[in-house]
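What follows is a set of structures to go through.
Both complexes shown next keep subunit A, but they swap its partner, so subunit B is in the first and subunit C is in the second.
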Partner chain A sequence: MEREVFTNPLRPEALRTGAALLQSFAADESGAAGRVPSQVIYPQSREDVQRIVHEAIRTATPLVPVSSGPPRFHGDTVPARGGVIVDFSRMQRVLRIDRASRSVRVEPGVTYGELIPQLRAQGLRLSLPFLPRANKSVVASRLEREPTTIPKYQYDYMDPLLTLEVVYGTGEDFRTGSACGPGTLDTLKADLVNPWGPGSIDYFRLVSAAQGTMGLVTWAVTKAEILPRLQQLWFLQASDPARLLQPIDALLRKRVLDECVVLNRAALATMLAGDGMRDYAALARALPAWTALLVVAGYERRPEERLALYAKALRDITAAQGVEPGRSVPGAPGREAEILHLLSNAWTKSADWRIRATGSSRELLFIAPMSQVPRLAATVDDVAAQRRISMQDVPCYIQPMVQGRGCHCEFVFPRLPTDSAAAMELDALHREAAAQLLRAGAFFSRPYGDWAQLVYRDYADGVAALRRLKGVFDPHGLFNPGKLCF
Partner chain B sequence: MNQLADFRHTMQSCNHCGQCKWVLGPKTRGYDFAEICPIHMQFHFDAYSGQGLLHIAQELLDGELQYDPGLRDLVYSCTACGACDTNCKSIRDMEVLDTILALRAKLVEDGQGPMPQYARMAEAMARTHNIYGRPHAERAAWAGEPAGLSATTSQPAPVAYFAGCATSYQRPDIARNTVRILEAAGIAHTVLGADEHCCGGPLWRTGQIDAAARQVQENLDALQRRGVQTIVTSCAECFGTLRGFYPRVADFPFEVKHISEIVQEALDAGRLRFSKPLQTTLTWHDPCLLGRLSEPYVPWQGEIKAFGRHVPAKAWRRGQQGVYDAPRRVLGAIAGIEVVEMVRNEENALCCGGGGGVREAFPEQAQVTAAERIREATATGADTLVSSCPFCQDTFEDGLARQPGAMRYRDFTQLVVDAL
Partner chain C sequence: MPLSRDVYAELEQVVGPRHISDKPWILAGVRAAQPSSPMKPPSPEAVLLPGSAAEIQQIVRICNRHGIRYIATISSLIGFAYPSGPGTIILQLKRMNQLVEVNAQDRYAVIEPGVRHGQLRTELMKHGLTYPVAAVGPGGSVLANFACSSGDNHCQHGASRTNRYLLGLEWVTPEGELVRVGSLANDAGWFCADGPGPSLRGIIKGFVGQWSGMGVVTRIAIGLDAWRGPPELPTQGRSPSYRMRLDPACHKTFVFKFPTLEQARDAMIAIGEAEIAQAVLKYFNASAALLATESANEFWELWDSGLFQRELARPLYVFLSAWTHEELEYEECVLRDIIAEFGGADVDERIQRIYSDNMDFYILVGALQRVLRLGGGWAPCKLSGDSIGHMFEVGKAIPEFITPFIEQGRILDAPDNWQIIPLEYGHSAHIELLFLYDRNQPDWGKVPMDFMRASMQADIRNGHHGTMPLRTVAASQAIGALFSNAHMWANRVKDAFDPQRVSNPF
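== the complex of A and B ==
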């Protein structure tokens, strides 16, 4: 029997089939193998999403959700088995900014570039990932567990994601946490900030980092924080990241820091370089091997006093650890205000900071306890050395998470799109380093692409359980097939 | 794993989420009765919570905090009720209460603890083997006249009733009722009589580990001499101590049962029947050491790997396997009794306020918590508050004396005997 063709269940303008557009979804920076989707459909409401799911059920069509604009890095939006791209970029409403509960409810098409100024106008801010690109979906970023730069506000690896509305593979909609009801959103008394439940199951964990395989999120509530009145940027420098992580651990334990991120010289130079990266080389020569960017802040009540107190704590604690903090960026004095601006806004110097050097890049990212990060980072260096790949211009950033209880570590390997031999060599490094990291204790909380096989290979019981769950929430296997262990 | 330094992983894993202060979200029914930490709900500062005590422990270990009397009082203001532990473990693998108890032990080891009241108690116990300093010869007086408990002997038997200090000296009716229940159920049993020493719980929970371990050894010797296999208690403190402390310091090959479990088994087997109705609406207070802290302790040695993975796997005590069903089922089986539930129940029950030595050292603090628990009990519409812990009974009766007419307190065994 011939398979029925997915037919647009929405308005005519909600569907696009241009060849160039379809082709743009068939690959990304990860080099993941994929197929060209047959259509791209743009829902504008939950009801639209439900109609799309029902049509997909009728026609057994895979659906691949996409919310952010390009470039994309992890292969999670590349259709492994073809199908229809569900592009949420037209679901752009900021549904509610709740200053009292310090939260914001947004549709998946709302980007960092759009939301940051709207929150700022109300005296709020987001805890941002490191230099998020302007067209990155806030909801997707939160769902992907992108680490944020203020670990002080993170109490769980799922933070700052709160409640969600999801459409499952049956076409049914579902709200998680305190958004679950009873009643409608209009009659609910809950503030939608408690992410847990309903019942004893934290449903929001099922869709987080699931790469769109468990459900389609139609809005999410994420934490917002009070906008500081005063901020002070401090720097630590060292030749070895371990020398920075120890004082940062102590500072986070005392809850002194707001933003806090550790960069190697290539990452900081990439961040600071001007148009066309002309001054990159000079910056990279001048900057220390590793730099920690640390921010202390004062808020609405007695900001000067608070800032002074926290700055003193920062000086005292780092001094006790034998590290000297500075107010001027080592190797690039006078750029402090710019750094603070970059840390507080969406990235606009290029499409994404990761592809700044060569126009393309490959990421290697994992999480680990803070004490293990230097050893694991050295593992990547060792693999690169064995393969005679220079790490000199490979940006690396270490992002403490959950108040320093863990760290995200990310290497960004620049890649020349035209050099296929180098790209193959890089792919091999990527695979081998991931395998060695996994053996050495790194945790791949976001197992993209090839990593899924590595992670799930020795986890038969977990895979069986995940597949049973997938069968419950996506019984027709429509959502992004071929990803993770599905 | 009982030294403070053994719990570094727990201290370092705490991420200030605050779950140790609150009943887990999905189990709450609103803001009222959602708080779970007796000291945090009273003093509000983070230092007064599981979270704060973990940080204090780490700072002490790291030499960043120095001892002073305020610190000692803070550490001993905790009722060691374990609510922080249970709620933390609902989302993480950490040993919050064991860290707090190890912190107390460190204070004692460093000559900074315990509170003077507990030090005096330990001195008395060394002489008299009970927490009150009363003559040891009076310990088994509850079994004599006028009780007429002819079956009460100290002869060898597979089942032993362990009465405990508070029951033996302060609440002899509970002991007599327990023996009456055992007799009615046809369970041959022995009592330890003059060989029974304090279970050691009050010493363990105030950090006096060596003194507590000495009591353990005395009791184990007495139990083994009588060929005991199953120990029955009517006191939650003894019950939780036997299950939770004894395996830490000795081989402990005994089964421990609470009297409510014995009654339930006898009812199910038809060996016991209730014949008298009791017209009352009651609410059951889960004592900490009968509920969330009563799961058997299983020693663990191994390696804690990244993100807290314990190798080999550890048998976590998460508080969900406490004695919850038996007392409710037994009381519900008595004609005329309606059992109504408080919001905070089972593993999320609020402490009476007097645990961990707080009633002795900080009586007013204990009464604030007791008043809150009585408020919760009253809100159910019950006329009777029932439990099975003489220490809870002391605290609640102090509290109820300040609220005449609010409700009355009854021990579990009294209701069972009244219904036989």
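== the complex of A and C ==
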């Protein structure tokens, strides 16, 4: 029986089929094996998305959602089985910024580059991922449980995502948490900031880190925070990240810190280098092996007093831990204002900081309790040493999460797109390091690409449960097939 | 539908004869109605006391084979812990009461269902740690509170609901598989609830838990916060008149009153924006009077004086808890600025003293059972969450439906007996209305349902997210369509995991 062809259910201008465009979705930085999609469709509303899903059901066509612009790193938007790309970039309305509830409701096409200035104009800010690229979708970032740089604002790994609207694989739409009702969004007076439920199920968790396999999200509400009146940047330096994470743990227990991130010298040099990375080598030579960037802040009431109080707490607590904080970045004095600016804005020095060095990179990322991260990070160093691969210019950043009870660790391996032998060697390192990390106790909570096989291989009961859920929310198996355990 | 001898024997083989019973005098103890509820639950067919997850798996599989319903419970403080129909067995989990691990470095504790708040909190304070403790009293199960029921607590302004603190967990599915959820999936420890990939944690608990309607949670980890108090609570006096004062250099309680609800609301928002205080509450006034007195007569004397109605109609309770004296001074300055800006004033000294003498809200609200004293009938209503602003909107509309009940004498004349508790420094808030009624009234059994129906109707009429839809069949069919068809999706998930509908269906 001949399969029916997906026919554009929207306006003519909502569909594109140019060969170059289609080809651009067939691969990304991860090297994931994919197929060229047949079409790219651009919805502009929830109703558009529902029409697309109904047409996909009729024609048994896979749908692969994409919200952020390139470069993409995880293979999650590369169609494993062909199909249609659902590109949300034209759903780019900021639907509401609400100062009183400190929240913002946005469509998936809204990017960090667009949203940050709009919030700032209203005295608000987002808790940002580390140097998010300007064209990164805010909704996708929140859905993927990306770590953010202010752990005190994060109470669990879903935070700061609040409510959302989703179209499931049946074509039905659904609103989560306090957005569920009563009634329609036109009659509901709630501010849509209670993420839990409705009822006994946390529906927002089921679409998180799902790589678009559980539903197509058409808007989401995320937390915003009060824009500080005053900020003060402090630095800790050490030859070993463990020496930095201990005082950071003590500081986070007492909620002293706003932004807080630990960088190796390659990461900090990549962040600070000027145009074309010309001064990268000099910076990398001058910077300490590891640097912690720590921010204390004063808000709208008595900002000077708060800043002084928390700066003193920072000094007292770090002194008790035997480390001395500084106000000047070691190895790059005078760059403090620039660092604060970079931490508070979308990255614009290049397409993404991760590909700054060579134009391409592969990421290795995991989470663990903060106490375990130095040991696990050393595992990656060991694997590289065994393979005689230098880690000298491999940026690594360590991001405390969830009040410091967890921690994200990410290595960014630069790759020369033209050097296929080196790329193969890097792929092998990447695979082996992931396997070793898993054995050593790292958690790949967002299992992209090959990692999915690793993490689900010995998780039969969990996989069975996930597949039951998939059967409920995407009964035709149309959403991004071939990803995760689906 | 009594269990057949064969099925009983099968179950007995799993737990041993000492840990199963169908004796009438044993069953009588677990079918007793709650004093404030008119519902008379049918008797369970047997009560079992399993000792491990493996035993629970076997029991659940037997239940699936024979179509027997099961309910896992510990404290049985809520109606869902009792059978909704015949052919139900009770799994009383109190033998599984190990405090498995306290990891002070990574700030989590691993517990079994039988661990009680009184046990866990006392232990954690010795490690300089604490967690959000619900107002269920020291005998409440921590696991049930975190994984299976509600999640709000009185100190969540500077923390959050327990929902955020649930980490890795072990779960016996409705059909008897043991699933490790979160970081346990890959033997990566207990620290994370979500993943790998889409979070299975989402079907364990939503705004509220599944009350054993989605299998049995046998072991959980919970996240811990640093505790600013001493290793042991410095209590003075005798039960029930304890006094508990923390170090005044770092801890201080305040109760303010406001001319309007809008001013109280704006002050609450401002306190959150300033990121000060551990606890902030617009608290109940009648319940506060009950907590402040030791007998019904004493309550009536106080209530009839009008003091609590006058002073606590629009209050804000604030508990400042700091690491240093300087931090406390700073927070108090900011707090005073806010209270002055929004027209607040100190309440009568007699009320303030109660809270200066009982700084630990866990201790204070642990005596919540005192509300039963007044006539045996009380129930919570609303029980929802959204922004502070929206919760005050919901609260402001309460007179719309409460007035007839008061005028007809069906409930205590206490229209301001509702609370709003912000969480995560004011990012959202919880509302709860407590109404009290007298079981000596002839139609007392109808009061709770009539009242809750009127409340829900008002919310629907006003577009207020004042009540989360319950998952009972009748409620969900009646109003589910107004809540994004949540009942339909919940049923689909239930069917996928519990096709025989044996895990506490209702």
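We take it that the second predicted complex is superposed on the first by the 486 of 486 C-alpha atoms of A that agree within 3 Å, B and C clash if a C-alpha of one lies under 4 Å from a C-alpha of the other, contacts with A are read in each partner's own complex, and residues count from 1 in each chain.
Note that in this section contacts are C-beta pairs under 8 Å (C-beta built on N, C-alpha and C of every residue); 3 or more make two chains touch, one makes a residue touch a chain.
Treat the numbers as computed from the prediction; the structure is a model and nothing was measured.
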Fit-or-clash call for subunit B and subunit C when the two complexes are aligned on subunit A: clash
First (subunit B), second (subunit C), both or neither touched by A:Arg102: second
Which superposed partner A:Ala238 touches (first subunit B, second subunit C, both, neither): neither
Touched partner set for A:Glu300, first subunit B, second subunit C, both or neither: second
Subunit B versus subunit C as contact partner of A:Arg405, first or second or both or neither: both
Which of subunit B and subunit C A:Gly462 touches, first, second, both or neither: second
Touch count on subunit A, higher of subunit B and subunit C: C
Which superposed partner A:Leu216 touches (first subunit B, second subunit C, both, neither): neither
First, second, both or neither for A:Ile226, with subunit B first and subunit C second: second
Partner chain(s) touched by A:Leu251 [first = subunit B, second = subunit C, both, neither]: neither
Part of subunit C, among the options 99-107, 477-485 or 495-503, whose backbone runs into subunit B after overlay: 99-107
Touching both subunit C and subunit B, counted on subunit A across the two superposed complexes: 155-156, 177-178, 194, 196-200, 253, 255, 368-369, 372, 402-403, 405-406, 441, 443
Contact footprint of subunit B on subunit A as seen in their complex: 154-156, 177-178, 194, 196-200, 253, 255, 368-369, 372, 402-403, 405-406, 441, 443
Residues of subunit B defined as touching subunit A within the complex: 12-13, 15-18, 24-26, 55, 58, 91, 305-307
In the complex, subunit C residues that touch subunit A: 105-108, 151, 159-161, 163-165, 173, 177-181, 183, 185-189, 191-203, 205-211, 213-214, 223-226, 269-270, 273-275, 323-324, 326-327, 330, 333-334, 337-338, 384-390, 393, 424, 426-428, 459-460, 462-465, 468-471, 479, 482-487, 489-490, 492-493, 496-497
Subunit A residues touching subunit C - in the complex, by the definition given at the top: 98, 100-103, 145, 155-159, 172-183, 187-194, 196-211, 213-214, 223, 226, 253-255, 299-302, 305-306, 309, 312-313, 367-372, 402-406, 438, 441-447, 452, 455-456, 458-459, 461-462, 464-466, 468-469, 471-472, 484-485
